[in-house]
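Per-chain numbering from 1; labels A, B, C and D assigned in written order.
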Amino acid sequence: MGDMAVDWSKLVIGMLGGDKREQEIARLAAATGADVRAHGFPWPEGGIAGVRHLDDPSAVLAGAQFGLFPIPGIAANGALFAPAASAPIIPTLEMLAGMVAPAHIILGWADKNLKAHADALGIAIHEYEWDRALMLRRTPAIIEGLLKIVIENTAITIHGSTVCVVGQGTIGAVLARYLVALGAHTHVVARNPEQRAAAFVVGASPHTLDELPALAPHLDMLFSTVPSRVVGADILERLPKSALLVDLAAPPGGIDFEAAQKLGLKAIWGRGLGSRAPVTVGASQWSGIRARIEAILAAAA
Amino acid sequence: MGDMAVDWSKLVIGMLGGDKREQEIARLAAATGADVRAHGFPWPEGGIAGVRHLDDPSAVLAGAQFGLFPIPGIAANGALFAPAASAPIIPTLEMLAGMVAPAHIILGWADKNLKAHADALGIAIHEYEWDRALMLRRTPAIIEGLLKIVIENTAITIHGSTVCVVGQGTIGAVLARYLVALGAHTHVVARNPEQRAAAFVVGASPHTLDELPALAPHLDMLFSTVPSRVVGADILERLPKSALLVDLAAPPGGIDFEAAQKLGLKAIWGRGLGSRAPVTVGASQWSGIRARIEAILAAAA
Amino acid sequence: MGDMAVDWSKLVIGMLGGDKREQEIARLAAATGADVRAHGFPWPEGGIAGVRHLDDPSAVLAGAQFGLFPIPGIAANGALFAPAASAPIIPTLEMLAGMVAPAHIILGWADKNLKAHADALGIAIHEYEWDRALMLRRTPAIIEGLLKIVIENTAITIHGSTVCVVGQGTIGAVLARYLVALGAHTHVVARNPEQRAAAFVVGASPHTLDELPALAPHLDMLFSTVPSRVVGADILERLPKSALLVDLAAPPGGIDFEAAQKLGLKAIWGRGLGSRAPVTVGASQWSGIRARIEAILAAAA
Amino acid sequence: MGDMAVDWSKLVIGMLGGDKREQEIARLAAATGADVRAHGFPWPEGGIAGVRHLDDPSAVLAGAQFGLFPIPGIAANGALFAPAASAPIIPTLEMLAGMVAPAHIILGWADKNLKAHADALGIAIHEYEWDRALMLRRTPAIIEGLLKIVIENTAITIHGSTVCVVGQGTIGAVLARYLVALGAHTHVVARNPEQRAAAFVVGASPHTLDELPALAPHLDMLFSTVPSRVVGADILERLPKSALLVDLAAPPGGIDFEAAQKLGLKAIWGRGLGSRAPVTVGASQWSGIRARIEAILAAAA
């Protein structure tokens, strides 16, 4: 199965939207020999070898068996993530109709409209927003982006500081390891006893959520990685005035920013860290996309 | 719930079987103020403060609400793990009948006979062999025990060597991190793409099982942590003659020991590593047992 | 000697010049109970508890036994390092004459004029620019500042990248350790075999300068820490176009910036990294200054 | 100079004494094409490719330009370090007289007699016992050997324990880094402020010798690396009874073993750790020996 070589030169791949990560994805896709067309991500001055940049998103999909849309998802108005695009890119039924059967769209996640269009046209949708292996491979990029934020916003070193990571999911667990490696006295707050045990093994001090108020006065930095409001005014009041707060979760996040502002605390949204290191992240996304294309074609053979 | 203090001085705890870990468990159990009796684990010369050592296992359980049996489980003849005991300790219906209702036995895992007796007597059985948090807390002890084996059995340093960990479960993942930290060029073989991604993030080189034969000629050491036979003669033949093999899994393990022997390779069973660092491991087992006792009493209140 | 307590409340300390580090030094100096006056460093909005900010540098020194001047040294025109000062601060004979005997000036290093004035007035000069213990304590601040530069200026992660540190002095050796800990494939170029052996032990690949040209095509980043021109056009030509260069040495530095520019390489001066983390660095400078004041007073007693 | 290739096939190399490290040195020496003869180190069952094992030490040196003697030095009776030899190997004037001019002996260090003989015969002596680069390269082997001792002699894990390294020379500094990496709360005692600063940077807590008594009651393990008696009864009395002491220095070492014994403390000599990992250590010794031979021949050319 994995041994059946894909004849890439026969594939037409259309890419719509994205950011600098898509430059690397496009470059690697074209390096396979595929016919790659693109629209809606920042186009580099010297172009990308083997990739055609088209002004019309419909032209990008016309004749393509594979459509690649970005990970960060679809806005309320149905537009793909494409901050550098001149106009919103909304994948309409007409636009999608130009794809060649059997057509496949690989993307972060699809909204209702896109799913309905794909259903109507017999296009298969492959979502990978929740691919945990890819998310893990991105963690160094995300955490290095966070380090920059921390270094810009503190008057003390990470080395020797006392910090706390709230939440020990994929990002939180890797972040705790980085902080230990960088010489911080690292505390970890997690609901799950397994996560606390794992944090202990990597050299952090594990705590339950109950223990966070008592810990707060000793913290130089607090990183929240949970999507529910666990760092409220009761915790914020107990932090030193010089503490830095960074929220890494999806909105509404874990930190009460309003309360932080009233208390004069520096609190920062760590959103958009996914755009750090686009070449590294784009390359690992491509390896995931490539494996999906190979699996799709192998299953069809 | 957690706030409701347990009146430990009213509890009678009977401990049967085990090894040096049970010395620390007994010491900590007695330090709560409980009445602790013990039989069947190696008894230290100076005794253990607050613990009574009894010659008769029945006397240990007589009047006890809580029975603590060891983690490593029960032999085919029904005997508890108790390598230092003068005679096999088989928890019979008669022995268990001496416990005081509502009685609870906390142990690794129970066999059919023990379960039947407990059912008949209304004794609740609490198994914790599969408590992953406890298993995680034990990983440093297990891996330090493994380091000793490696250091005793190699003519090269771990630092600068090329090694491979097959399997990335609880032990395998922590082992990979240790080897990276000790300066080994660390390869990891795992079936699961998430495990490979995690290994990549900690600085190891991830591989699928398919890639192990090509890797084998470069390896100074190979650590197998999977319970199924993945390191067969085809792999073993490709290893350097000086390579060290250690199998950390439960029998039948992952390494074909017979083939290794024929090839003149040094292959070692890493079983029994759980007995390394009995004070540390006993203390973390006790913290798990203590939490269970507190939860049992809180639920009853 | 160390036991003889200094009566700090009897000391008058005058501070001239500096940057945000001096805020922390002043705060800690005043916390001893000493009478602290300051001029020429950025003055925080809320002031500094126990420190008087004076407009006239002469007034700062008038009546002081101890003068604290900044580490970064004295400009060609004799002015102290004081980027936030409204006018150059040149310690003239008149200004210094206001100090009270036995007077001491503690600073990075003194120029000829300052030395002459001090000689004439019987003021002792204590230089600590070359205090290697202090320099070591500052390395985490310097390297964290460098990490920010790297993260801002690369499209790839440090994790998994291939990097080279040229020079293994105080900064270079700590930098190599950080890069290894952050997951970079770390090469080190050093003339000295001991430095190469030490780099090998921490997990880097050691090389002589001869080997740098062959290494260059594989490098994503090159960090130069040597004050002599070792990274010339011959090396630069062999680097990938996407490589990042950072020079951490004092001018003229190790990198030929002109050649780098001609080749279209991104080359950055890492000067001024000493101002990162002023609270941490100021605190460690103060601990060195404090030890000097205690030693001076103990020797005089 | 380095470019002038040595014609190894014209060299005769005689090796006397040593341990398993010499097996690897002999193997690598013969792999160059040189004529290698050996006596006095443990001879492996299958022999060593290209090396002749001779029963008579005189025959080994007869006709050789280069003599290789072991690092650990010469006993009071003039015998080379050769624990596996059937009889003491004393390099007499007669034995040395068989070497071919210009003859060179490369060894750890020479005693008076050997120097006198060499002088008389015009043989050059090259000592490398104090080669700090080689010593550094050996530190992982020494520290891994120490880890084995620690793991064998403790009932707790290194992970999570509280330990102290007394002395921060070559071994002490690397040891502190290993202990931090293995998850120990690591304290360091050093007289030199630079060593304390360096220890702080790697994540250890630095202390002066004065602070050791106050630290002692908290220590699970104490490692002494200084050759003078700094860990006397006053310190030992304050250690917990379960503490492990290891002395890594040359006699008389830093620990008062007699006092430790009286107090019932477990104190171990960490001597002979140099024999751990003979292949790794032999290989790095050979790289040093090889560089010396090349330099000698280049200077002569």
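Here are a few things to note about the model shown:
The criterion applied here is as follows: contacts are C-beta pairs under 8 Å (C-beta built on N, C-alpha and C of every residue); 3 or more make two chains touch, one makes a residue touch a chain.
Quick caveat, the model's predicted, so the values are computed rather than measured.
Here B-C and A-B were compared by C-beta pairs in contact; the pair with more is A-B. Relative orientation of chain C and chain D, expressed as the C-alpha superposition rotation angle, is 180° to the nearest 5. Summarising the inter-chain layout, the chain whose CA centre lies farthest from the centre of chain B is C.
The mean-CA centres of chain A and chain B are about 38 angstrom from one another, to the nearest whole unit. Chain B and chain C have Cα centroids lying 51 Å from one another. Chain contacts: chain D has residues 140, 159-160, 183, 200-201 touching two or more partner chains.
If each chain is drawn as a node and touching chains are joined, the picture has every node linked to every other.
Interface residues of chain C, counted against chain B in their complex, comprise 159-160, 183, 200-201, 203. Taken together, the chain D residues at the contact with chain B in this complex read 20, 140-141, 144-145, 147-148, 151-152, 154-160, 178, 181-183, 242, 276-280.
The residues of chain A lying in touch with chain B in their complex are 2, 132-134, 136-137, 139-140, 174, 177, 193-194, 196-198, 200-202, 210.
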